Amino acid sequence: MIKDISNLPAKLEALLTAQKNKNSEGKVADYIPALAKVDPNHMGISVATINGNVIGAGDSQVPFSIQSISKVFGLVMAMNRIGDDLWQRVNMEPSGQPFNSIIQLEWEKGIPRNPVINAGALLVADVLTSNYSASKLAFLSFMRTLASDDNIFIDKKVYQSELTHGSRNAALAYLMKSFDNIQSDIPEVLSHYFTQCSIAMSCQQLAKSLLFLANKGLDPISQKSICSARDAHRVNAILSTSGMYDQSGEFAFSVGLPAKSGVGGGVVAIVPGYGVICTWSPPLNTFGNSVIGTNLVSGLAEELGLSIYH
Amino acid sequence: MIKDISNLPAKLEALLTAQKNKNSEGKVADYIPALAKVDPNHMGISVATINGNVIGAGDSQVPFSIQSISKVFGLVMAMNRIGDDLWQRVNMEPSGQPFNSIIQLEWEKGIPRNPVINAGALLVADVLTSNYSASKLAFLSFMRTLASDDNIFIDKKVYQSELTHGSRNAALAYLMKSFDNIQSDIPEVLSHYFTQCSIAMSCQQLAKSLLFLANKGLDPISQKSICSARDAHRVNAILSTSGMYDQSGEFAFSVGLPAKSGVGGGVVAIVPGYGVICTWSPPLNTFGNSVIGTNLVSGLAEELGLSIYH
Amino acid sequence: MIKDISNLPAKLEALLTAQKNKNSEGKVADYIPALAKVDPNHMGISVATINGNVIGAGDSQVPFSIQSISKVFGLVMAMNRIGDDLWQRVNMEPSGQPFNSIIQLEWEKGIPRNPVINAGALLVADVLTSNYSASKLAFLSFMRTLASDDNIFIDKKVYQSELTHGSRNAALAYLMKSFDNIQSDIPEVLSHYFTQCSIAMSCQQLAKSLLFLANKGLDPISQKSICSARDAHRVNAILSTSGMYDQSGEFAFSVGLPAKSGVGGGVVAIVPGYGVICTWSPPLNTFGNSVIGTNLVSGLAEELGLSIYH
Amino acid sequence: MIKDISNLPAKLEALLTAQKNKNSEGKVADYIPALAKVDPNHMGISVATINGNVIGAGDSQVPFSIQSISKVFGLVMAMNRIGDDLWQRVNMEPSGQPFNSIIQLEWEKGIPRNPVINAGALLVADVLTSNYSASKLAFLSFMRTLASDDNIFIDKKVYQSELTHGSRNAALAYLMKSFDNIQSDIPEVLSHYFTQCSIAMSCQQLAKSLLFLANKGLDPISQKSICSARDAHRVNAILSTSGMYDQSGEFAFSVGLPAKSGVGGGVVAIVPGYGVICTWSPPLNTFGNSVIGTNLVSGLAEELGLSIYH
């Protein structure tokens, strides 16, 4: 692993330049109007290292809808709150299915395969709504603390759009409830879940806020313990096998980093012992992963030798 | 990662001692008579490091049926022989299904999810039988070279037993053939596959023979290139997401190493940049993984801080 | 077919007598408390013929929860209201799956296999709520007209119980909505559906109210056309392939009549050109069909040679 | 039901005339070369009644490949041979799946849903090969006896073609064997199955040979008992719920007769108490049923009021 960062700014610029004109290879998420309107030409990258450097290029400070990246933070909050009880209600196996598969949830009798597919994230949302008096505020507050930045907000238009088009998530939640694996009322669970998905953050904010996962649970800037070393390990393991939807295996195969993507076009990748990469470009491939965002992480990981599988 | 090995012999002995009396938690594979007869009290561990150390404890030199561990070697041979064409015929995604699932193979139209579930390994066996004039000999020869040991043989009784009880594997192979994803005749493919599964090797032989995966494709002893660095990376990635059957996610979550198990009771784990661990104990848990074998890898990984997710 | 009914009263009594003490072979539905409380010893049978005879034995005039038998009436109402447009939104194939399977609904992209599995009945409920200003009243009114009896009511306790335990039906409805195959709001659809399931009727009322299906759509008593001959044919066909849950094939195989059962313990069977049989006994077999109710229909059909497959 | 047959010849001719030019709506089976070569313009219909009339039109005496229609005869032979033991090994429920689904067979642990999907027919073939010293000869002999015609043969080219393209059927058979639900060797089972599928017969021969199903098991011509009345009932029930592949529900819904189709373009329909209709036209719809063949049965059934659901 190359730890010298002196050439990093130039490298990031070069990587962005090489991806220009590639956004036609993907398609901006259009299942909700609020996301469909985003300019497909946005492109940003940010690298935060555990020794305190934050380097960005392109639109690295422009906020975007974090969507499924929020699942990582929800998982950490839930582990902190209820400990190993969580793993009685959700598994930690890769799913081998689309992120919103209801077939698998039925087979496994309401126990989601892992906490980063939709069913698992809804289960986590239920844990949060059941265990926090104001789970949405708690979530937003957690995000602001991690990013050391109060300038993080919920995009109300995205939230409303999600709610209007949330029937499949409602189906997943009711199915889990039919197996007695949901405690709160479904509308409350969905409202929490769509709220956390609708948070807007920049590459820079996201990269900084996830440094604790690269540093055994400890935020290297504030020196606060965000979670145990064991739980940081667990999150990285889950992101390695399941973080990039049904392309997780290919991402491990060709890139080799724990990562999570969102349909807003963001990708975060954890480099244990080094730092965090966050990229953003709205057009998605057929798996729901940002085409350029994935290319940027892949290019940087290869150039710096960051893979955990070497 | 702790690289000092001076205390390793004592540690291995201690780990074995701690696992005594735990073999009643599992059950020796009984789907074929030849495996059912193995003494459940065998227990061995071997660690080979890329700088040439080989340390063992217990039955580390007693040969056992490598079974699915052979899938790793078959994969390497097939990648070496036909290159990226392989990935047109088999995917690299975790399966989220039992290792011998025919449902998923039907869904995915005869393209196995990855090369370490049975369907994928049969596909690899087809590549080998189609591209080698004597694929079984070539396989055995590859194993002997890797282990620098000519004293490696096929257990004929196991082979005959496998053949007699091979209907499900035949079903998988014929289903792939119905999708035009098998080139050789099925009996030949099955014969190759059961042959490679029936090879008997010891922990020590297996640990040494896989060092190239911990060393970017290069055998650190002979300095021969066994495969490209890129392919070593790919194998480690696949073993990380899919090597421990439908317990792969949990193994990543709690141990954090690329690994492969076999129903003979063996487990191999790759530690990139360090070496290879191989353990053996016949009784299996419900996923088909050795109970004690998994515990031994887990214990050593934790003590030495070997996980790739920290 | 034996059309002489002079011996029928004695036959019905004999059939009931033969089934005494058999209710321990089944189990009263207990998924909702309101049904679990029903006395398992109730037993009744009623035969209504198209030439105006109505003969009963046992508890043939005691009202019970009609549950899924209501699906037959809902289907007729929906066909009458929107005609063949219905068949764009629901199929007419047997399902080969449990009545409440969500897996199949996902596979078939939100189009239920037929209108007498739960998903299909919810789709029909959506048609009714979308096309009637007061669909529940319209339904109750339809039932009273068919039975020529105003003494038919909704069991409020059953309704409340259904609503409280309706998560799986909610999941089915939301999944269909996610495929744009539901028009009304889900709570309204569910409320209608649970209402029609909660109607209480006796064997005698049910037998009389379904005579039109045995008489090409024409109520033989009032001489009113209830539906077209073609639609009566269609309903009988659907009940023949799918009316007895996942035991429909066996029922056709051994009895040979279009029939519909409900978890309240009722069974209705149509004998085209002859009449209707309705039986009731609360204990159910593992498929959700009344053990004794099925035996009674079977016994009578055999004795009178009623099967349509001879 | 109109039993006067004096106008039947003219009616059949009129039905054929109305279907001219419709064969472009379907596609001749092309999964094996031997079937793909058949002239798509063939069209025939034959009606045999239980009182001895046999009336045909078009190519009613031209032999064609009976394919899956052979499943009906195999089933009768197996029931005659092993009685109710058969129903321990195959179910009688509609499948709700394509005729060659391996997914369902896996779910149901090697027990086919019914004897007229491929898995079930292979199971029946196993019963025949295990219980007859020369099952193929016995089958051919049974066909000749039923049709009172020794001029019935196996089409060797079709047989060879089937064998070459039989991988999916081999997969189904091996999967059943893995569940211990096949007794003979698979190659022998497949050879029997492809043999019976490759028999060539005309509409007239088929219609006559199935009269016993319309007559409670008794051949009305020879007055020989072919099977019990109970088994004739059972076969008709199975054909009603499952005889027309995954279009069986729609066929019941719109036509209303026990029927069986084959990919050679033949359709047989049983009219209990009346007789048998057999039609032939090679082009198939997407379900594998003859487009014109189905139309012909439907037209005649409607005109004569033959449906069992009225």
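Chains: A, B, C and D, in written order; residue numbering restarts at 1 for each.
Definition applied: contacts are C-beta pairs under 8 Å (C-beta built on N, C-alpha and C of every residue); 3 or more make two chains touch, one makes a residue touch a chain.
Because the structure is predicted, anything quoted here is derived from the model rather than measured.
Undergrad: Could you name all chains that are in contact with subunit A and with subunit D at the same time?
TA: B, C
Undergrad: Farthest from subunit A in C-alpha centre terms, which chain would that be?
TA: The chain farthest from subunit A, judged by C-alpha centres, is D.
Undergrad: How many Å are there between the centre of subunit A and the centre of subunit C, using C-alpha atoms for each centre?
TA: Centre separation, subunit A to subunit C: 48 Å.
Undergrad: Determine the centre-to-centre distance between subunit A and subunit B, using the mean Cα coordinates as centres, and give it in whole Å.
TA: Centre-to-centre distance between subunit A and subunit B: 32 Å.
Undergrad: How big is the gap, in whole Å, between where the Cα atoms of subunit B centre and where those of subunit C centre?
TA: Subunit B and subunit C have C-alpha centres separated by 55 Å.
Undergrad: Would you please write down the residue numbers of subunit D that are in contact with two or more other chains?
TA: Counting only residues that touch two or more other chains, subunit D contributes none.
Undergrad: Which pairs of chains touch each other?
TA: Those chain pairs satisfying the definition are A-B, A-C, B-D, C-D.
Undergrad: Please output the residues of subunit C touching subunit D within their complex, sorted ascending.
TA: Counting only subunit C, the residues touching subunit D are 91-97, 104, 113-114, 216, 229, 232-234, 236-238, 240-242, 246-250, 252-254, 256, 258, 272-273, 307-310.
Undergrad: List the residues on subunit B that touch subunit D in their complex, please.
TA: Contact set of subunit B toward subunit D: 101-103, 106-107, 167-168, 170-172, 174-175, 177-178, 186.
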